[in-house]
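Two complexes follow with chain A in common, the first pairing it with chain B and the second with chain C.
Entry: the complex of A and B
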């Protein structure tokens, strides 16, 4: 690799601003909350955060195309309800129930994709509509009640360990690897970035741009299905409101992770964005700050971090 | 090796009509291997339509397309591509954040195992492609970090990577500097040597004589003639371009101009304008002519305070204005009728009456409470005066025709009572009837003592309506002409053919 005089500066600049803020935050919590900087807390945080991580790995792909995905939380809920229903009431075998969860997620994604590409509805509205549909069905399925009575072995997916580490963590790594590979090493990834950067360019190459756009939503739906498996396994039941508000956390995370505009964003950046949110929440918990005040702190910190990143990185590009 | 004497491409008797216009009327065009065939003509002469038919984007009404001597029965974008026809458009079709190699192979990625990108091969091929064009660019750079010229090279490389034998360059130099243009020409020469045929659309005459082998002139959808560049000269080409009679469509009645309404001196903006100076008097229509991209719209934007100026002074009615922004401009009595009405001028989903009073709500309703009756009364006045049709005040403006939308924009400014009007392309895309009405109205405005600065790409409009004409070229004013100047003189000046006075 060639070294030019400016390359050190460039290398430093390549580190997203949010990473510095994240490091600062970790130092802050480590100083003021002794229980924060422990291995146990780290594993705990990553396990609890695996659901957000998996959802974000789908949301980032949509976000890069310029879309806003607001249905993942509700879709995850619905997929979990269907899966629990299949296990508890229909007594279907576990693999079928798991598959069902993914199928429900994928179908909801297809619905989003159909709204966006074929009916020309802005993604913001289309996914909000799907959110409503999914949340409504979830509530209606068991008259607003939790579905209990799942086979014990399903708990492995949410609480078990594999090679000494929690299974949900492994699944979130799997989700990351999927999105990372897809975005960086496949033509599909190129089209995802092209859709966000200059959709017309993709259309002019003669590729069915609308179809790739649809697939992006299907992919996000599949990730919601995977997240549903984890959360249902962890709770050993399906709650009809479990995903409430998750879409906004996911959206904040991908934006924090560097997806400020259409055509921008990476899988690695998303990991950082997710960690940011998890650590902020976890740190405040460990410090013993009440939940309702946490909300009031998280909001401004998120906006501050995003504004700072946009200012610094926006300036660096010019 | 292909025979040099057989054309790669022949377009014979191509005709195309759009509602209300015969865009192309039995146009012929042919192209030989290794040739640069320049296509010139005024805006609206039919160049773009012809190229869109070649690309398969438009269907032709009549005529045939012949490739390598074979008449093509079917024609569509996929077939055009399959026959090696590639277009480099004015607006680039690159994905800004992605690297050069990805952009070149967009939609045709090299893969391993049919699924994974083979980045190594893509970079290798992209690199050797750029080398062969004489422009070694690091193929790992995102295209947004490249200059405009380099981006254009990437566009051309993209076309060549698809085995293009017929390359269409649409105004390739409009955004390039002199040195970049030289680089582009070098690449074009290399392509010629490889037997690629190039159709080169340009507004700049000097380029025609540097790079062209033959030139075809279109005017009003007809082919006026084709010449060997070596056997013609600028005068002949300009004459062929302009040739038409300027019809008596323009009702300008001259009147004695009054005081100076607007004086601009040494105006600069950081990217476009260099030392722009001119003045407009009350009672005068001043035309601002020039090619697309010569800086006319930017001048209007700077005067109106939409773009910051880096140097120069603006005087309105004899008073120097230090700081100007749109609210201040309106307050001082300047009204801007933007080029892109749809985007900047109207509120398409609001009713007619709201559009008309939009810029003068404060004057009409000083207490901040709207009064629909008064709104109707006020809007109705102008709708009547300008003969907006249909005169339905509640109608959403999006459902009006282009000409009537333009009248609504005029009405909006009349309502604020400005004294200095800047019309940017006042009649673009407007049918002939409405055009004449708007022209008559501009004449009336001037004769009532208002000052009008009119930007237009239509030469007849400039010649027919202006009392004085300034010509811009590459961000500067390069000439000032009185009424009654020859069309050829102005075109020559706008094309930068020579310094003029």
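Entry: the complex of A and C
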């Protein structure tokens, strides 16, 4: 995309296609659903969506390296279950429980990284295996039951406000800033793109590529741990199936955000992809469309937006 | 044949036999003929669905829409059977047709629009799911005619009909991959698409046929399932997707294309079915089954990689 800067036409062209579709969608909902275009709904949408946003901030980093991360939903569930177990049954102090959630997330990430780098298992299968393991432990550890009885103060992390804005929103901003900085302003970010672009070259420069790759999965796991804190705080309980299907939503958001192939994708693009999914679902909700028809609409719109982006932006640009 | 090459060739079969022996020692009921037939019957729809995935994997692609094609085909069959007065054979034809159509769309998105297959078929996953919801609304279909249910529950010469269908499909797919031009081209496309194109193969067309086959087999699996359950809802197909990916890979089909086959897929599926069956026989809570399956999938793939490395 080498274009001379300055002229309005090229500037417009640099805006990803999905943004235009998103704007069109917002206009559509604003016109046909009066309750949609309000500040209250926007805040509500971003609060509801903060969990997906946090998860995607981890998934995008894995996606850029060319990996597919299918365990984040289950890992989030497990981290939430362990955290709730620590609070309700082991009566550990809150900071320890929060730390435990992050540690569980990180360990699951480490397991993914180990499967991928040391056992040479394709990321798709490795994270699928971790998904099964994490989902199985989440179900088995409390016989499939929800864990209740959390201290009231934990609710602040899911329902509280800070500077007039919901805490989950702040946490999703924090997650975004982490990934944004990581990808753009650190040597590690350079290695992440290198892993996706040409892993062999990175190996030849003498860098421990396998270790960077492992860390990428650990990072995604940590984000899942953070998301677990938010969702447990919001629900005031830990459900053993709460993250079911989240990994597929995260995958679509990341792809919509421009990560069509290995080595491609940005933190900002991912925000747009997440917003796309959130706004589509929220708008249909506000319009009062029944759930089963919503599902019939969401699919074609998602694939349509992806096909359009790929066609306009010249395919995967291999 | 040296021990090495023997191990390499039959490592997965060995794993299946080993697993079966362990289970048989723990619970002698496992080896009862009725239980063994039961296992194969339970595995049949999954094997048929996984066969389609195997063919797509051979081209180096992946078909994530398989689960929702199963759902869509089942719901279309259910719709024709319960909401119209048409003959039950029309239900089968329209279900198979819907599978072919889904495959055609995925195939065009992959071959002509040049979308990565994971993305194209993932979109198809949502489209199929959406269509299924739009057709059915909120209420499941149930109570199908006996002639249709025979496909899922009938017994022919002492063996359940789903097993007959599965064996026929496996045989046809085996012969197709081994002896037909199209079948051999599928391996060539997967091994090296540029070389395949350079040597005059019509890669676009081969890819489109591949996804259509995958859709067709998913629909067939859905029909058997619908006939067996005598009811259909929107969640009927989704659980088939992950095993459909895991079983070919466990059976030695490479995810990067060009290597593998239907035989390994059958063994891979059987390993997983035996595992679930064993956990039921040993009264292990179903809550832990997902954990065990996750672990076994990873270990089986790793074992495969390890043996390859050692014998290479």
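The working rule: the second predicted complex is superposed on the first by the 307 of 318 C-alpha atoms of A that agree within 3 Å, B and C clash if a C-alpha of one lies under 4 Å from a C-alpha of the other, contacts with A are read in each partner's own complex, and residues count from 1 in each chain.
Here is the rule we use: a residue touches a chain if its C-beta (ideal position, glycine included) is under 8 Å from a C-beta of that chain, and two chains touch if they have at least 3 such contacts.
Being a predicted model, the structure only gives us computed values, none of them experimental.
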Discussion item. Touch test for A:139: chain B only (first), chain C only (second), both, or neither?
Written reply: second
Item to complete: Scan A:15 for contacts with chain B and chain C and give back first, second, both or neither.
Response: neither
Worksheet entry | Partner chain(s) touched by A:263 [first = chain B, second = chain C, both, neither] | first
Item to complete: For A:311, decide between first (touching chain B), second (touching chain C), both and neither.
Response: second
Fill in: Which superposed partner A:35 touches (first chain B, second chain C, both, neither)
neither
Worksheet item: Is it chain B or chain C that touches the larger share of residues in chain A?
Response: C
Fill in: Touching partner for A:292 - first (chain B), second (chain C), both, neither
second
Item to complete: State which residues of chain A lie in both footprints, the one left by chain B and the one left by chain C.
Response: none
Discussion item. Taking the touch rule as given, give the residues of chain B at its contact with chain A in the complex, in rising order.
Written reply: 77-78, 81, 93-98, 102-103, 106-109, 111, 115-117, 119
Worksheet item: In their complex, what parts of chain A are in touch with chain B?
Response: 184-187, 189-191, 193-194, 197-198, 200-202, 204-207, 263-264
Response to the item:
Per the touch rule, the chain C residues reaching chain A in their complex are 62, 109, 113-116, 118-120, 122-131, 133-134, 136-138, 234, 242, 245-246, 249, 255, 285, 287-295, 297-298, 301-302, 305
Item to complete: Mind listing the chain A positions that touch chain C in their complex?
Response: 68, 115, 119-122, 124-126, 128-137, 139-140, 143-144, 248, 251-252, 255, 260-261, 290, 292-293, 295-300, 302-303, 306-307, 310-311, 315-316
